[in-house]
Amino acid sequence: MKGDAKTKISYLILGFGQMVRGQWVKGIAFLTTEILFILYMVKFGGTYLSKITTLGTVETYKEGRKTVYGDNSFHILLFGILTIIVIIAFICIWYLNIRDNLKAEALLKQGKKLPSNTKVLRSLLDENFDKTLMTLPVAGVFLFTVIPIIFMICIAFTNYDAKHQAPANLFTWVGLDNFKELLSFGTQGMGMTFFKVLAWTVTWAFFATFIDYFLGLAVAMLINKKEIKLKKLWRTILVLTIAVPQFVSLLYVMKMFANDGLINGYLMKWGWISSPIPFWVDPMLSRVMIIVVNIWIGIPYLMLITTGLLMNIPSDLYESARVDGANSWQAFIHITLPYMLFVTGPFLLTQFTGNLNNFNVIYLLTQGRPQSINLANNAGSTDLLVTWLYKMTINDSNYRMAAVIGIMVFIVTAVVTMVVYNRLPSVRDEEGFQ
Amino acid sequence: MNSEKKIRSGMKKKKIFGTVMAYAVLIIISIIWLFPFVGLTLQSFRSYDPNVEYGGMVDYLIPKHFSLDNYRFLFSGETNYLIWYRNTLVIAVFVSILQTIVILCVSYALSRMRFKGRKLLMRFWLILGMFPGFLTMICLYFLLKQFGLTQAGAIPGLILVSVASSGMGYYVCKGYFDTIPKALDDAARIDGASRARIFLTMIIPMSKPIIIYTALVAFMAPWCDYIFASYVAFGHDASYNVAVAMTRWVWTNDYQGYFTRFCAGGILVAIPVTILFMALQNYYVEGVTGGAVKG
Amino acid sequence: MKKKVLSMLLTAVVAGSLLAGCGGSSAAAPVQEAPAEEATEAAAEETEEKEEVAEEAAEETAEEAGEEAAEEEKPSATVGDGSAGDIKVWVADAVVDFTAKEIEKFFEANPDYAGYKVTVEAVGEGDAAGNMITDVEAGADIYAFPQDQIARLVAAGALETVNPDVLDAVKSENDEGSIKAATVGSELYAYPLTSDNGYFLYYDKSVVSDPSSLETILADCEAAGKSFYMEINSGWYQTAFFFATGCDLSYETDNDGNFTKANVTYASENGLNALKAMIGLNESKAFQNGSAIGEATNLAAIVDGTWDSSAAQEVFGDNYACAKLPTFKDASGKEYQMSGFGGFKLLGVKPQTEEDKLAVCDALAYYLAGGEVQIDRYKEVGWGPSNIEAQNSEDVKSDAALTALAEQLTYTIPQGQYPGDYWTLATSLGDSVRNGELSSSSSDDELMDALSKFQESCESYVQ
């Protein structure tokens, strides 16, 4: 314990030193935090924290016809995590408080004046403006993103499923059992299915990203041609798919291609086919359809993006190419494409990882169907890992396995990102720019 | 002279042919792109009244009788359609405004200020973004419930969740701020302007396109929010948004023959979003292009 | 101009709320921040609201949304003042008004229960179970659900057993199948509501000449270029084939909703015959997969239930007809009568922490599932009663769809308890048939292999 008496008291009573030294704004802020923290721990957090190792032991029981609920494992885990985060945050603040005290002490010893209260407040709009700007957003992310993610990671190590649901039943820690189950092969095991779904997820992301990219580029170049009039009209038509909410357009498209839908109906009426084309029934065909429909959604984005970028390519590059006798295809291969790939490298990467988790398109079009007797845990042929895990939670309340798959999705995404990101030429250059 | 002319006219012919082909491709593309929307619109004018026409799925495109029954139904108050619509609009407006504010704050701090843990924070947020969000919904539901922001309070709850985690979407906006020369800031600081003043009176007025882009993207997202909104609002019809309420008309057996009503409702949802989007399209292009380059 | 206004507005708003929102202490702990954030939002909302409303006329209504929504909701209905507490009731959209009316009658007849505020919400029966399981606490106190969800609900602790005082009455008043459906282990967990969750054949008289044979129906449909609908990738409709050939598929449960034993004989000669019949159906040109008239096109015949009878009358008009399910033939020419499930809708009460409220909920649920209300419900929306007396009433007996159903029910098996996984597994089997993984060109071994996998999976759900 360093510092004088005022500082030492501040080890216990936060903000004491500051208040005694006249910095009551800071002092009150620290003290309020401490009081709130203590209140939180006593009134709310403490009980949850004490049970987090077992996730509750008191069973729900009946008293006559009345139900008396026991421990709620879900709440214990959730608020236990919250409490741990709160404690860590408090320790940080406590440390800041001590550091601030020591600093003030040193300043006074050197005979300098402490900054006045108004100055402290004003600094929040100037040199400490970052604290003002970042506090709420960072806290928001912690409360509504970080805690839920920690929670879900924890769920992967519990037996929280249909048979162990709060509040009527308890669940508890089970270690690595769920991971073992995921990698179990054999007739009932999930292993084969997991890898099949994973393979389709990656295939889908690959096609969805690159087909859209090249077609979008092609359409953008087409509209950019000098001879084409009404450029704005063409772009506007395409952009409709971005503007109309997907739940409207995709659900309609889904119905349109149904076995008894509009497309099959007309084709049969015109006598082109005798039995409906099973767009959403055949596993292969439905996969192709999803990629095709995704082109319909994806091209407009890519067109917008590439249109702007194409204009940035210095036109003298093309001029000199033409002088050298290159035709337009050669110009595209040697100038346009390298430039575009260079500039949009990071974007393609985020597109790819985004498509790995592209829930809406799959769910609104097929909900992962068609299913197959050859896939375990009700996976379907068009299921991505994310839609599969979503269905697991909704239909089967199988949270533990869903959490395991969630972690796997994270690992896949993170590995792809890390391997590719550092190899992107534009990233290395941008680093220099920054 | 003569031969050159010939070559030119040959090239001209080739060019004309190319142009015609280009137009043909564009027209075909436009038909494909517009077809579902035309279909949607036509279906929305098919009556669901059995005496006039049949309201379920049919295998023809053009209604036999033109009718406004579906729209009348939506406005009649038989369902909560107007409330759902209003809910979605309220969410979209507030999310759009608040999210823009949060993103501007975060982007400015990350672009202009150098504080401890800045790099760490950015990397941490990047990693967070790789977790699939669907799993966290049940957890968010119970967190919101603790604040009383589910079911009846679902709308502020939905706004809160979208806004609270929006800080992580700073990339595009920060990229834009990075392109504003720092020399401007330095000059203003020498003149005695505080950071806050620079932010409010210099940077923000210069960032009109990116502000509009951010607000537009944020405004459009809630119209599609089906999954999380259904989680938070379940069992409370008056808290649904259009997506939650109307997907029932397609997916649930309780609502047979609602297909044309779904189409009509969808059209009404699409109109304002589309108009807004079209009006602000240029800003959107600027935003996505900038975002694509920055990654 | 509009763009300019919008951007200026945004700037102003950003500026305004920054001052309001970011002035707080930077040293606050997360505990404090969550509410603080809300407060900030509220503050920001207030200042922004007026400008926004001016900006877009359509948003005029926006600001009252929060407060007013409660009074305006249409499909939900409220009864009573709420001095003693709230009771939430979930029923399908079609019967919300009806249920609210009946609840009013109930409180008129039982003034000593008064003081509860009852809210009726439209929550589809399929969604009800999922929502109840997500959060029992926020779920309804009384809710209707299809019987296939009962084991899942019991396991999740979302169902209270039927009040012992009326247990015998409920058991004697309702048909045997419905009681079996509402029983898990040896406990009765729910009040039977309807006994019409079975399926039969709706058809177009002008197209289908003889509804008693599947082969004829398909031939007629093919000749007329029309469709025959049956949802073969549903575990519910699929059993029409398997039970017809004599396969068994049933589970035994304990009182907590756990499955203790599976009796499955799909991997057998009988199962093979059934599967082949399904494949044969799937390969007919006239076949379409589906069981909702609202979504069917070019329809000539459909395997569907009573809930679609009005839709069927609409579609077929004067040619509306219904009958029991047809027969089908196997390769050797042996004929089987299609069977299937007879299912039930149930009304459940959530476990309660207060005795008084439980007593009201029990009484209310018993009333809503009672014979008279069942007759009224039939008159209102056409749901076939499970109450024996109601079944024998004149109105019910003269209903064509219900008569067809009653005839079909003699061939069916009352649906017992099945694990949730069974339904999705059956969808997988059906999808495998539909997408041609299992087709008429598959060898018997391949088909048998699929059936063995199916049976193994079914057995694996027992723990």
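When the chains are written out, they are named A, B and C in that same order, and each has its own residue count from 1.
Throughout what follows, a residue touches a chain if its C-beta (ideal position, glycine included) is under 8 Å from a C-beta of that chain, and two chains touch if they have at least 3 such contacts.
Keep in mind the model is a prediction, meaning the values are calculated, not measured.
Asker: Going by the touch criterion stated earlier, list every chain that contacts subunit A and also contacts subunit C.
Answerer: Under the touch definition, subunit A and subunit C have B as mutual neighbours.
Asker: Can you check which chain pair, B-C or A-B, has more C-beta pairs in contact?
Answerer: Of the two interfaces, B-C and A-B, more C-beta pairs touch across A-B.
Asker: In whole angstrom, what separates the CA-based centres of subunit B and subunit C?
Answerer: Chain centroid spacing, subunit B to subunit C, equals 33 Å.
Asker: Would you kindly tell me how far, in whole Å, the mean C-alpha position of subunit B lies from that of subunit A?
Answerer: Their C-alpha centroids are separated by 17 Å.
Asker: Residues of subunit A touching 2+ other chains?
Answerer: 131-133, 136, 140, 143, 260-261, 265
Asker: Of all residues in subunit B, which are in touch with two or more distinct other chains?
Answerer: If we look for residues of subunit B contacting two or more partner chains, we find 57-59, 105, 138, 142, 160, 163-164, 196, 259.
Asker: Residues of subunit C that contact two or more other chains, please.
Answerer: As it turns out, subunit C has residues touching two or more other chains at 21-22, 34, 37, 295-298.
Asker: What residues on subunit C touch subunit A, complex-wise?
Answerer: Result: residues 21-34, 36-37, 40, 130, 133, 136-137, 152, 155-158, 160, 163, 225, 227, 233, 258, 285, 288-290, 295-298, 351-355, 358, 420-421, 424-425, 427-429, 431-432, 434-438, 450, 453-454, 456-457, 460, 463 of subunit C touch subunit A.
Asker: With touch defined as at the start, can you tell me which subunit A residues reach subunit B in the complex?
Answerer: Within the complex, subunit A contacts subunit B at residues 74-75, 78, 122, 125-127, 129-134, 136-138, 140-141, 143-149, 151-152, 155, 219, 222-223, 225, 227-228, 234-249, 251-253, 255-256, 258, 260-262, 264-266, 269, 296, 301, 304-305, 307-309, 343-347, 349-350, 353, 357, 359-360, 363, 385-386, 389-390, 393, 399, 402-403, 406, 409-410, 413-414, 417, 427, 434.
Asker: So in the complex, the part of subunit A that touches subunit C is made up of which residues?
Answerer: Answer in residue numbers: 26, 29-30, 32-33, 36-37, 40, 60, 64-69, 85-86, 89-90, 93, 96, 124, 128, 131-133, 135-136, 139-140, 142-143, 162-163, 165, 167-169, 187-188, 259-261, 265, 268, 274-276, 278, 281-283, 369-375, 378, 380-381, 394-397.
Asker: For subunit C, which residues count as touching subunit B in their complex?
Answerer: 2-3, 6-7, 10-11, 13-15, 17-18, 21-22, 34-35, 37-38, 41, 44-45, 48, 52, 58-59, 61-62, 65-66, 69-70, 72-76, 88, 90, 92-94, 121-127, 131, 134-135, 138-140, 292-298, 307-308, 311, 314-315
Asker: Hey, which residues of subunit B end up touching subunit C in the complex?
Answerer: Against subunit C, the touching part of subunit B is residues 50, 54-59, 77-80, 83, 86-87, 89-90, 93-94, 97-98, 100-101, 104-105, 138, 141-142, 145, 147, 150-152, 155-156, 159-160, 163-164, 196, 200, 204-205, 208, 211-212, 215, 231, 234-239, 248, 252-259, 272, 279-280.
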